[in-house]
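First the structure, in the form of structure tokens, and then the observations on it.
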Amino acid sequence: MKELAVKIKDVEFKNPVLLASGTVGYGDEIARFCDLNQIGGIVTKSLSLRPRKGNPPQRIVETASGMLNAIGLANVGVDEFVKNKLPNLAKYDTKVICNIAASSPEEYVECTRILTTEKEIDGFEINVSCPNVKDGGLEFGNNIDAVKRVTSGVRNVTDKLLIVKLSPNVARISDFARAVKESGGDAVSAINTLVGTAIDIYTRRPKLFNITGGLSGPAIKPVALAKVLEIKRNVDIPVIGIGGITTWQDIIEFMIAGASCIQLGTINFISPDFGSGVIPDLLNFCNENKIENISHLTGSVLLP
Amino acid sequence: MKELAVKIKDVEFKNPVLLASGTVGYGDEIARFCDLNQIGGIVTKSLSLRPRKGNPPQRIVETASGMLNAIGLANVGVDEFVKNKLPNLAKYDTKVICNIAASSPEEYVECTRILTTEKEIDGFEINVSCPNVKDGGLEFGNNIDAVKRVTSGVRNVTDKLLIVKLSPNVARISDFARAVKESGGDAVSAINTLVGTAIDIYTRRPKLFNITGGLSGPAIKPVALAKVLEIKRNVDIPVIGIGGITTWQDIIEFMIAGASCIQLGTINFISPDFGSGVIPDLLNFCNENKIENISHLTGSVLLP
Amino acid sequence: MHIEQTKIVSIKEVQSHTFLLSIQSEYFAGTTNPGQFFNIKVSDNNFPLLRRPFSVCDVDGDIISFLFDVHGEGTKILSKKKPGDDLDVFGPLGNGFNYSSDFQTAIIVAGGLGVAPFPFLLKKIPADKPVFSFVGARNSNQLITYGIKNTKLSTDDGSAGFRGNVVQLLKNEIHNINGVKKIFACGPNVMLRSLVEWTTSIGIETEISVECAMACGFGICQGCPTEKSDKSGYLLVCKDGPVFNSQEIVI
Amino acid sequence: MHIEQTKIVSIKEVQSHTFLLSIQSEYFAGTTNPGQFFNIKVSDNNFPLLRRPFSVCDVDGDIISFLFDVHGEGTKILSKKKPGDDLDVFGPLGNGFNYSSDFQTAIIVAGGLGVAPFPFLLKKIPADKPVFSFVGARNSNQLITYGIKNTKLSTDDGSAGFRGNVVQLLKNEIHNINGVKKIFACGPNVMLRSLVEWTTSIGIETEISVECAMACGFGICQGCPTEKSDKSGYLLVCKDGPVFNSQEIVI
């Protein structure tokens, strides 16, 4: 299966299929359906220094070919993760990326400093783009200087793979990718969810307690793909493509647009076995099309 | 049917249902299905000073609950419009809004200057947000100063209703709405399409000749609704809600979020009779819920 | 729990807009407890995107049944299925009723389609324990008593049984029921709330099956929180429920 | 043209993955010309979002038929419809073939499912004008000759008829066909292109039915441009076509 191996910095992923943050918890439940040994990697739910309860219900609304979520970064916190979640993840032959969300640049750095000593962790994904928390999240994601500060701060405390997950809710995402590169980041993930909302027309209240939520799923795929392409055309940095992937064809499409790896999000809720189930399809596509290594697809889009 | 009448500036729309620019041409074909006498208004395809051929094919790609278009502002030009299209529109008892797209602030002003003398035209919608042309469009839409310049330039040459159609491809759309208000605009339309793309995985070429296109349809409804809500919470200016409307419930939802009127876009391609067909449903909702005038819904969302 | 492509054995409209759907699965039949639920993909495309949760209604041999109402687009699609069609079913999910705890008399309280999980529960409650059922609805057309035995009815408009809601009916009747009682309830949140308020005050053990919006149904999305009674955080309806002891959560 | 909720009268798999769908509509039957098309909503929800265009294949009394291939999700849904099901049909759309112009002999050229518009056209061509049909496909399994008469076949792999493409076959046979000829063609763009190149060079009038991505199907979206021969701009396939005289456009 060497055909599918993909390297970013010094991390060799078995294949380009990763599971996206917030859509597989810490791997406990999903492992019953998706054989984690078969996939490139898993990204943890966003971790913060201390545990977070998350937002009150309602946290989820279905939309046309998509869903809104406003979970509010409910998570067990860094300490509990290291003690009780990481050992379980470490049992699998797959790469473990810790996603970190925080309320201040200092908290990002502090979380990373604590986690980077854990040898089972292969890299970090810095979430500067969660639309569902008051402090942190979007504010950082919309501010180039804040993204730079967070990236270089975290870079200072870890030599491991450093990915920054970008917000699509900006005018030019490639400016943010460039900022990440200039601040020492190794890669960017694109995209996090789009800001959206839904209102109950009888009560006239937003359906989500948090008022707005993040839109994910097939509905956003064309937008995600355009963001990946935009970054690839403007900045020389590896991109991890995310957004609305539900078929093997989608994975190939993201790679052609410029993605080195991809992440699966919402699809895990519907077909939790998709992650490992899709690997043979990718292999098949490569064989049929005489693609020696799947990474040759990355950015191979032919533009006029 | 006074229950449905809505006023923006001095223009009284029979009801809040308008047909969106670029989705009904100049009204010729749609009139066979949607009784234009029954609806609030029609917005023309974007007009430019001179005719435009538009982009070569392929101009359209279907996506999950949405579609991408890259028409490239194909239009007959201002002169031909006045000569051969406007007379036909003028036959209907409905408001006619001319949408204008241009490559420079001067061209916007020039188009408006020519058109404003036509008494059949009730107002203008300035399109600073088309993602599918090289010159003009998005560049203006992403630049607050350009939006201000265009708005005040156009304001100087017309006293008619002046609406500016905003791009959703920005970090904070309310900043643009504020700029419009400060520059003398009477209202904003939100939203135009989201930038998206699609790639053929076998040829590795973008499916659209233009590489990227604008995403419309139900897929974008949650995003459009959040943009309307954001403007309403931050700026005191009438908003015309657009994006993914396909049911009467969607119309009510947009109004509760903050829209004074709404526009129907992609739905016209699927159900060209929806525009006039939906009016009785709106009336019914108002009657059943004892809403004296539908405009009382505007911005009535209950926030925590 | 697993995902299985099952075949639809039968689908019947048992009442206007209410359907009984049966599928065949040895695995599901052998592993499901009353009160658990299944997450069903009603189409093989993106519309609707998410699975739809339904409580197991009954198990008979290797046939599993669901009782459902046509509510929105998803259940509309489901209602149009035909015997022989494939159905993508994920389960059994969550925790069911604890029917072997220390009680002498079982009381079923169901509002509207809240009867759904009880036919199977009734089969499992030890035969020596008497069962009293109370079913309520808005009016007689909406009363569903499929598979329920020894039933007293209530309707808001009095068109059948007691006029009033099902909790009031139970309050009126409780003195006729002897022994250490345990209540199993399912229905709208307002009904559960008023029930639990009362049963807490008089100290009858109560288990409630709760509904809420769900995405995954098995604990990975965190989309279905319900507040713990001590307000220290949230439990997940899909994983920690959908059946809760009424003392565990704020309903 | 209008939108009508029609009933499906029959649906048959005439060849593997190729279906003949018939609906009933007096209005459509009375107003449709060969070569026109209908835009069909295959579901009553957002999936797929857009209508799907299909040429009218045949009209018989008040029965309209379409011949279609299962291509993607939309046609898959369509292929699963049953007699008696409702179908939301919009049409007739566009301009059809001009079969009353000044020719003596009609030649049909169809590639693959390009045969679709011809059964109806064949009925309309005046009986005194001889018709010669040429149908090509990749291999014999993909050859569709539904409703076509006096037919010569070609397959790329030689598994039936002439080995080679249908344009080559026609070139070989054209000397056997007498009188002022007019060609009516439908099929993949590559086939149409090579056909038109040749017919232009030898001066045979040719009408081609063109396919492309469409959103509205009736001229409001500008989504279906095809370049004018003089390159001065675009025509719309849905409104100015789908049948064009080969001299009008750059194929």
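Worth pointing out:
As written, the chain order gives the labels A, B, C and D, with residue 1 at the start of each chain.
Here is the rule we use: a contact is a pair of C-beta atoms (placed from the backbone, for glycine too) under 8 Å apart; a residue touches a chain by one contact, two chains touch by 3 or more.
The structure presented is a predicted model; accordingly, all values stated were derived computationally and were not measured.
Common neighbours of chain B and chain D, by the contact definition above: A, C.
Counting C-beta pairs in contact, the chain pair with the highest total is A-B. Chain A and chain B have centres, each the mean of its CA atoms, that are 34 Å apart. One simple way to say how far apart two chains are is to compare their mean CA positions; for chain C and chain D this gives 53 Å.
Rounded to whole angstrom units, the spacing between the C-alpha centres of chain A and chain D is 46.
Chain A and chain C, compared by their mean Cα positions, are separated by 36 Å. Residues of chain D found to touch two or more other chains are 46-47.
Along chain A, residues 61, 64-66, 217-218 each make contact with two or more other chains. Interchain contacts join each chain to each other chain, per the touch definition above. Listed in rising order, the residues of chain B touching chain A in the complex are 61, 63-66, 68, 142, 169-172, 194-199, 201, 203-206, 209, 211-213, 215, 217-223, 225-226, 229, 244, 249, 252-253, 256-257, 300-304.
Taken in their complex, chain A has these residues touching chain D: 64-65.
Looking at the complex, you find that chain C touches chain B at residues 46-47. Those residues of chain D that touch chain B in the complex are listed here as 1-3, 41, 46-51, 212-227, 233-234, 239. Against chain D, the residues of chain C that register as touching in their complex are 43, 45-47, 73.
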